[in-house]
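By letter and in written order, the chains are A, B, C and D; residue numbering begins at 1 in each of them.
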């Protein structure tokens, strides 16, 4: 029994090392695409199992998070809370935890099998991401919307004081931009030249009660960020890895120029599973058995299910 | 003794009626100017007496509130909370209560002598305006910044449901725009065509710790409101009654066109008392005896001190 | 011992929805606001029937509370709807100034309160909202126990003039109070008479208290179960009268033991008749993901926990 | 009876300022944030000495709390400063998620707490902040009584790893605790020994409790005054030990009687040794404008009120 546990531990370590290896090699678009397909499988399998959770936004952000973690962020091995000497990421729209967990696991932060504990009692994979259960990869709790950008700004300023030249990334939802705290943060970052921060907005045009236009129109998000003094980068194809790469490259090039940077990522909610696409209805609904099977059919296993 | 009280009551009634008369006649700019001078006296006498309160912003907004109450707003006699069938006003930056109280008293809402109770125990004239003590003219408490615009929007929507064609006015500070709740309200009003609302921002460029530029730069307030879908009217001379009249006329003309309207009122903090002007230092400081005397000297009695 | 029958489990939030639908027809001054959670709050019907009286605030709870306060100016009776966390902690200062201190007739209606919202986890599981709202002068705080009571309370608060916090939940729980009840704000309901121990329960824990009373009864212990749907104003008399008889008390709430019903009861008794008390409540901890039943079990918030608390407090008489 | 000397009245917020100034020199990880109230919070010195470690958040308290949480990531120890109302009620959900639940090492420092901020009136006079903060799991809640204690507490909390709420005030009050004290979080201080009645006081009311004890002493009543600067974690043992002797207790706080120190004490005693208790606190009401002394008198928060409460509770033994 004990030997078995040790074996499993060794295997987990091996997986971690392999995953780190993957991340350390410059990833090809094809590799990223394969990982994305696997991440999609992870997402729908996770939410299906517990019949709860948020597949829509998760699927829409899969390419972005995969590209960020596997191709763009300069990350250390292992995990510490301070994240000095590396790029760090904050997820403000915590409900898309499935994609976050999948990408973290597949980037080596914790064993991929742990994805099967999502939203179960005593799991480290809470409904919304948290530091409370000590899951590596998570630096703040989110779930109550609107708080992540402020935290990211604080972390970015800590990096400056610490003389750490790395970048802080943050992701928010578009509906989430209705929260006033974001605009406090947006105003602050511009007034204080927080230029080691690259925020992104998941501009999928959907929230819980319908499209953002029908719920509470955001108008031009670009015009708003520009009026607030930010550098805006638009990624029209937010589910296309090449476009994301270009957008993130642009963003990194603009960093350090006294202005905070935001990427407006036009994504499709539910991307990659045809019947989930383009509708708010899959914001927070889990697929049933048939829907899961169909979703998996549309996204064949690439790197191995957990 | 009893007769004396009755006499005072009658005199108070008379003053109320006279004040209403003043308000009902179309006020000339000269009259408004005279009232403003008297309001300035009221403001500094009030804060001087209790050595507390906020003269700076109050003085800067004197012309605007005088013009609003005496020349622009269509007000009923008396006061009821609902304000149906009349224009109503909300003060969001409640710390400028001195100017609000003075203008309300001099517009007939309560006896002018009551100004002498400002900030004293058991007074209806609390440090920040409140409905809690039943002071006529006040429809909501303010003091904690950032809440007034939301309330004004709610009241504007009630007017619409009630088929009341009148207008809701609101005033906020510029520093106050740093509060995120304002941007929630600003986004909401545009998305929902709240076009029976005329908000104004006291753009004095000052807040407590310094100029808005040094504390937390607002950038272009005009660009921000426009990006949020509002009609913006700029009043460059926010302490000039003719300019204010023109601005408010413009604003009224634009009402009903599906867009919320904001007047950006460029004022001078501490206006009308030379040593108080252009500095945040008088945001919340009361004048001492000599400063009071000098302030009064610069603003001779026009309508009679309380 | 008087017993109660579950006439079919339902979620209390649906009781709210049903009450609101009825109010839509009977009281034209009632307006409703929601912050991007219409389905979760069961406000769909009201919205469909009265679009002109429905306001979608988007994900902007502070603005929603302010607008609700403003809508009272003009005679409206606004009902705001969002999750309990975003109805209270998110907007405490807005409620404080624009609603409570301004004395506005706003009904803050909060679903998904407590642990039983389940899988979403701690960020959504507020266990402090009763305490938050009870500390506000002038606020009425209600936590209903089943579908029927929630519906009745929803209708009753529209007739009461003043700020109200109405707390209800997500999971299906036994529905056992009368469908035709009239809800009296501030009036505790004695569900069972008993002489050995008083159980004062609120919300989802009322049914658990009844279950506990059954178990205790089998052990020869007679428990007096009080449904204290209104935490503020608290029916102190009902509590004092009961403990005059039983000499010990257990409070039960889906809430932190700090700041909630339990402490209100402890205060009243410390001032009138100090009495041994045990607290069935969470033990100053955040919640977590899990099914409602798992969480109630793990955090000690079910009939079993109430039975144990009663046995403990009985020994302390 | 042991007596205490006022070595010169000072405001507790200046004790905070002095502590922060010292921390600026001794602990390079300490950073400070303020929401447009530098002068009121006495943060000028820190700002002047360490501009690179000072963050002016403007009038945006929610963002300030979030930034403070973020600054801990990278090893900083952020001290946020604004009025007590805007430090708690305004930002409850932000503190809850980004600080308390995330376990971040943020020190929320709040001035102008309670009625004694005076003329600004009720919108600024929070009487619920102790309750708000004590309900958050993992939060330490401290309310200091004078300048020296506030300074010592400010320095002590920098060495403690975890979220802290530090509450202090605006008016000048007697300074009577030792200048060279070491502040121990969670440790109640027995200021006087007494056998007749226990007075547990916090913040500005500690001095009033000492004055009350003198008056009682003249009447032949010996009061045990406990300075309970830490409301959470509460030193339950100190309280239980004292009432074991005195058999009755008065709690005194500049706070609503709902949700604050008084209820925490009532809970502890109801669970351990039910004891007659009287509450010196505001009576579920908003404050108003006035001088600090006028308000303490009108709302029953001074030595006189404590004496009366003691006389009352003594009769209830």
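Quick note on the criterion: a contact is a pair of C-beta atoms (placed from the backbone, for glycine too) under 8 Å apart; a residue touches a chain by one contact, two chains touch by 3 or more.
Bear in mind the structure is a predicted one, so any value in this text is a computation, not a measurement.
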A correct list of chains touching both chain A and chain C reads B, D
The chain pair with the larger count of contacting C-beta pairs, comparing B-C against B-D, is B-C
How many angstrom lie between the centres of chain A and chain D, each centre taken as the mean Cα position? 41
At what distance in angstrom does the C-alpha mean of chain D lie from that of chain B? 36
Centroid spacing, where centroids are CA-atom means, of chain C and chain D in whole angstrom: 30
Contacts with 2+ other chains: residues of chain A: 130, 132, 141-144, 146, 178-181, 184, 187-188, 191-192, 216
Going by the contact rule already set, what residues in chain C reach two or more other chains? 57-58, 60, 62-63, 85-86, 90, 93, 96-97, 101, 122-123, 286
Connecting every touching chain pair, does the picture come out as line, ring, star, complete or other? complete
Touching residues of chain B toward chain A in the complex: what are they? 178-184, 187-188, 190-192, 216-220, 223-224, 226-229
List the residues on chain C that touch chain D in their complex, please. 85-86, 88-90, 92-93, 96-97, 101, 122-123, 127-128, 131-132, 134-137, 232, 256-259, 262-264, 266-267, 269-271, 274-279, 284-286
Chain A to chain C touching residues, read off their complex: 50, 52-53, 94, 119-123, 126-128, 130, 132-133, 141-146, 175-176, 178-180, 207-209, 215-216
What does chain A use to touch chain D in their complex? 81-84, 88, 90, 130-132, 139-144, 146-159, 161-162, 164, 180-181, 184-185, 187-188, 191-192
Taking the complex as given, what residues does chain C use to touch chain B? 31, 52-53, 55, 57-58, 60, 62-76, 78, 93-94, 96-98, 101-104
